[in-house]
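Before anything else, here is the set of structures, which you'll find just below.
Both of the next two complexes hold chain A, though its partner changes from chain B to chain C.
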Partner chain A sequence: MEILRFENITKRYGQNTVLDHVSLSVNEGEVFSLLGPSGCGKTTLLRICGGFEPPDEGRVILDGVDITDMPANRRAIRTVFQNYALFPHMNVWDNVAFGLKATGISQKKIEEDVPKYLDLVQLTDYAARKPGQLSGGQRQRVAIARALITKPKVLLLDEPLAALDLKLRQRMLIELDTLHDDVGITFIFVTHDQQEAMSISDHIAVLRNGEIEQIGTPPELYEAPRTSFVAAFIGDTNFFEGKVSAINGDYCSLNIEDFPPLRLFNDKKVPVGRKVHISIRPEKFMISHVKPEKTDANTNLLQGKVEEVIYLGSHTRYWVRVQAWRISVIKQHCGYALDERSINWGDDVWLKFEADNAYMLDHYEENDENLLALPDL
Partner chain B sequence: MKKRCNRHSRLPVAITLLTLLFLYLPLVMVAIASFNASKYGGVWTGFSLKWYKALFKSREIWNALTNTLFIAFISTFFSTLLGTLSALALYRSKNRFKAIYHALIYTPLVVPDILMGISMLLLFVTTFSACGTWFQSVFGIELELGMTTIIIAHITFCMSYVAMVVLGRLQEFDHSLVEAAYDLGASGLYTFFHVTLPVILPGVIAGALFAFTLSIDDFVITFFVKGAGDTTLPIYIQSTMRHGSPAILNALSVIFLILTFILVFTTQKLLSNKTETHK
Partner chain C sequence: MKKSSFTNFFLGLPSFVWLVVFYAFPILIVLLLAFRPPDSNGGIGTGWTLQTLRELRNPSYPAIIWRTFWQGLVSTAVCIAVAVPISYQLSRTSSQKLRNTILLLIIVPFWTNFLIRIYAWRIFLHPEGAFKHLLVLIGVIPESTGLLYNQWAVLTVMIYTYIPFAVLPIYAISEKFDFSLMEAAKDLGASSFYAFRKIYLPGISKGIWTAVMVVLIPAFGAYLIPDLVGGSTSELIGDKIAQRVFVDRNLPHASALSALLMLGVFVPLILVSCLRKFQLKNQKKAEFMK
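Right after this comes the complex of A and B.
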């Protein structure tokens, strides 16, 4: 069921259009992420949602009610600010109680609720401390308790993990997820970190330059990216450009320069003669010394030379040169890696991938390859 | 090797001591002179508390002191109020004339006192001659230079100082605190009294103390705008220095020194407590 909807939100600062007709819908009780690089407009969208900035065009609908012109202090939406914005002159208890006191809730109810929410975020023992005496993770928990105690319909989290160090970030991510399961309130999570978004979200909207690139579940975005930007921003990938040469049912043959004709799943129904861009994730390739058996027509084989090997414990990344292309390949170590015959720098290898594991893109931009940040070898 | 690392240069210590000596030697001399039986400084004729006795008996001094404190309290109150409000307005303003407002509030700080005094005297006299008769017929009060004009003048120049001190505090103020308060459902007024004011309070207190000190201390501006019979402490001291015995002033200075030290110590303590919770 839908709880929040943005309709054609547009926001400009002078000549600069920060949000360009953004529409999206958030379901009740889910974790919805707004993901994108800095300057993509995700924070502005959040501020419009919280009521701190009015949109130039468009409406914000909360639970069926148009709240576009409602002031921030009357919306049933709470924000966890990036710097947490805890009141420095109040202790943890007073910070958490603030929303209740400010809206004239009875003292009795306050004394009943505050301990409950302090307990929820495991800060009961810290009630008398001032924010300055807390660690980053504790401050964040205060900010969350302070927001949740007022029972909002939607909780907005603006890069809540950005201020924490890496180890703590992963712990807080799990804590956030558990907390979300406990309270069941809709979370809207703004982040530039695709891993954070992937691990916590039910749905993700990828934003770029004030426009939505794609909305989907984490697997949808990873496995079926619509654009080269999404493919490159979420995870790692290889881009190829080719021309459709023949159609066989749901599949087609693709001619890529220097490659033998490849078999691909043609879900976009691209006609013969059209140029397409495809994305193949590194782990979709099988790498081996010996030529794999071509089991059916949908198996593609490429022959190349290893240019670089990066051992990463659970997996190894190879850069394989196939004519003019350099392909990133990941091999998961299933067995005991030392027992395997290792693939080394300079080895001739075979790459195998299935027709179903390559994905055609609707839209390709050459600049997006920079996101993959290939090192120059 | 180790010895060399541990050896500190004595130069900074020496300079510090000399500076302190330069600053406090005159004060020490005043304190010693206040116990001197001699009427004129320079020659020690024996220990005596007679100047302190004279001080407490002097009706003129008590009158001047009461006036000074009365003026200081009233003008501190209003200048703190107005100064804080103008600082807040300036902080929030997104107006393109913001720089001009800023300059207008800042200017009284750099304008020489004597100019402030003359211009204010001119303003008062002009106003009184223009609408004095009308005012008297309506309210039955005669407009003339006196305590009220002194207070107005003090508020005017103290306000700028308060505004600058509070504005300094506001520069560090995290605006997301206000947004957070709104976000949690607080009204504008509730946010001001429970978030903004408590956070900038150390700045407001510092500004008020500044204003208080400036008001007590002011001679030049007061001299211009005071009425014929009004005496504040600085005015009294100046006239005594010219006509009477300076020895009683030594005793007065010592008492003021002690009060000042207590005041400074208390505010330091107050401010450091406040900032600790802030950080």
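Right after this comes the complex of A and C.
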């Protein structure tokens, strides 16, 4: 069920359009991420949602009610700020109790609720500490408890992990996930880190330059990116440009320069003669010394030379030169890697991928290739 | 450790000597003078006496002391009540240029001599002045009401004089205040006024305390302002001290009055600071008990 909806939100600062007709819908109880590079408008969207900035156009609907003009303190929405914004002159207890006191909740109810929420974020022993005496992770938990105690319909989290170091970030991510399961409140999570977004979200909206590139579940975004930006921003990939030369039912033949004709799943129903861009994830390729058997018409084979090898324990990354193309390949080590014949720099290899594993893009921009992690060869 | 405390001693020595020579000594002299008899030439007599202290029971003094006390408190309170919103708005002003301009406007009067500014007020509030005529013309006050030479004139000019002293320390703290805390408070459901009271005011409390000190102390000792814009019914202790020195030539009596004023300023200050310490201690204790 829908809890929050943005309708055609537009925001400009002078000549600069920060958000351009953004519409999206968030379901009750889910974790929804706004993902994008810095300057994409995700924080502005969050501030509009929290009531700190009015949109120039469009509406915000919370639980069926238009809250576009409602002041921040009357919205059933709470924010965990990036710097946590804890009140420095109050101890943890008073920080957590603030939202209740401010809205005139009785002292009895406050004394009842605060320990519950301190317990929820495991800070019972720290009730008397001032924010200055807490670690980064503890401060964040205070900020979360302080927001949750007022029982909001939606909790906004603005880059909540950005201020923490890597180890703590991973732990807090798991804690956030557990917390979300415990309280069942809708979380809207703003981040520029695709791994964070992928691991915690039910749905992700990828933003870029104030526009939504794509909304979907993490696997949808990964497996079926609509644009080259989404494909390159989330995970790693290979882009190819080719021309459709023939159509066989749901599949088509694609002519890519220097390659033998490849067979692809034609889910976009592209007609013969049209140029398309495709994205193939590195792990979709099978790499081997011996030529694999072509089991059916949907199997594609390419021959190339290994240019770079990076061994990473669970898997190895290869960059394979096929004529003018350099293809990024990941091989998972499912077996005992020491028993296998290792693939080394300079080896001639075969790449195999299935027709269903390539994805046609709606929109391609050459600049997006810069987002890919390519070695300088 | 030893060396650094040794260095610190020498570094602190000049200001220590300065304080002793120019503050502690004079205060001590003033206090001692209160116990000497005056002589007929306006100098100090020989021997020690408690006579001057007994003379402090002058029946006109309680009214003057009371007036000094409440005028000091009211002008301090008004100055702070004006300075806080100014500082709040000023530190929220995003344009650095506008900020500097307003600050300059607050400071500019300092460039004019204090006396000249008070004389300007005398002209402004004069019975034959344009302001008075305007008020009478639009019927705000009757012709018979005087704007000058009463305690309200004294209070007005005192507030005018001390407002910049209140604005500067409060603004200095307010400028460093993290206004995202106000957003956080509103986000948690607080009204603007509640957030102002519970988050902003505690946040700038240091600046407010400084402002209280720098306004209250000179306000208690003010004598030029009541002397120039006040009348015979609006004298403050400062006037009396000046009178005893310049008119009566009775230095011991002036010293006794000064000592009284000093006690009147320092005792409350010490009480307040003790109270704050006590509060802090209690708070810590309460935290410990929790």
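Rule of thumb we're sticking to: the second predicted complex is superposed on the first by the 376 of 377 C-alpha atoms of A that agree within 3 Å, B and C clash if a C-alpha of one lies under 4 Å from a C-alpha of the other, contacts with A are read in each partner's own complex, and residues count from 1 in each chain.
Just so we're on the same page, a residue touches a chain if its C-beta (ideal position, glycine included) is under 8 Å from a C-beta of that chain, and two chains touch if they have at least 3 such contacts.
All figures in this text were calculated on a predicted structure; none of them were measured in a lab.
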On chain A, do chain B and chain C fit together or clash when superposed? clash
Between chain B (first) and chain C (second), which, if any, makes contact with A:87: first, second, both or neither? both
Identify the partner contact of A:132: answer first if only chain B is touched, second if only chain C is, both if each is, neither if none is. first
For A:71, decide between first (touching chain B), second (touching chain C), both and neither. both
After superposition on the shared chain, which partner residues are touched by A:16: those of chain B (first), chain C (second), both, or neither? neither
A:295 in the overlay: touching chain B, chain C, both, or neither? Say first, second, both or neither. neither
If we overlay the two complexes on their shared chain A, which of chain B and chain C does A:367 touch? Say first, second, both or neither. neither
Quick check on the superposed pair: does A:314 touch chain B, chain C, both, or neither? Answer first, second, both or neither. neither
Could you list which residues of chain A make contact with chain B in one structure and with chain C in the other? 50-52, 71-74, 77-79, 81, 83, 85-89, 98-99, 102-103, 146-147, 150
Would you pull the chain A residues touching chain C in the complex into a rising list? 50-52, 71-74, 77-79, 81, 83, 85-89, 91, 93, 98-99, 102-103, 127-129, 146-147, 150
Where on chain A is chain B touching in the complex? 50-52, 71-74, 77-79, 81, 83, 85-89, 98-99, 101-103, 130, 132, 146-147, 150
Which stretch or stretches of chain B touch chain A in the complex? 174, 176-177, 179-187, 190-191, 194-195, 198-199, 276-279
Would you mind writing out the residues of chain C in touch with chain A in their complex? 178, 180-181, 183-192, 194-195, 198-199, 202-203, 286-288, 290
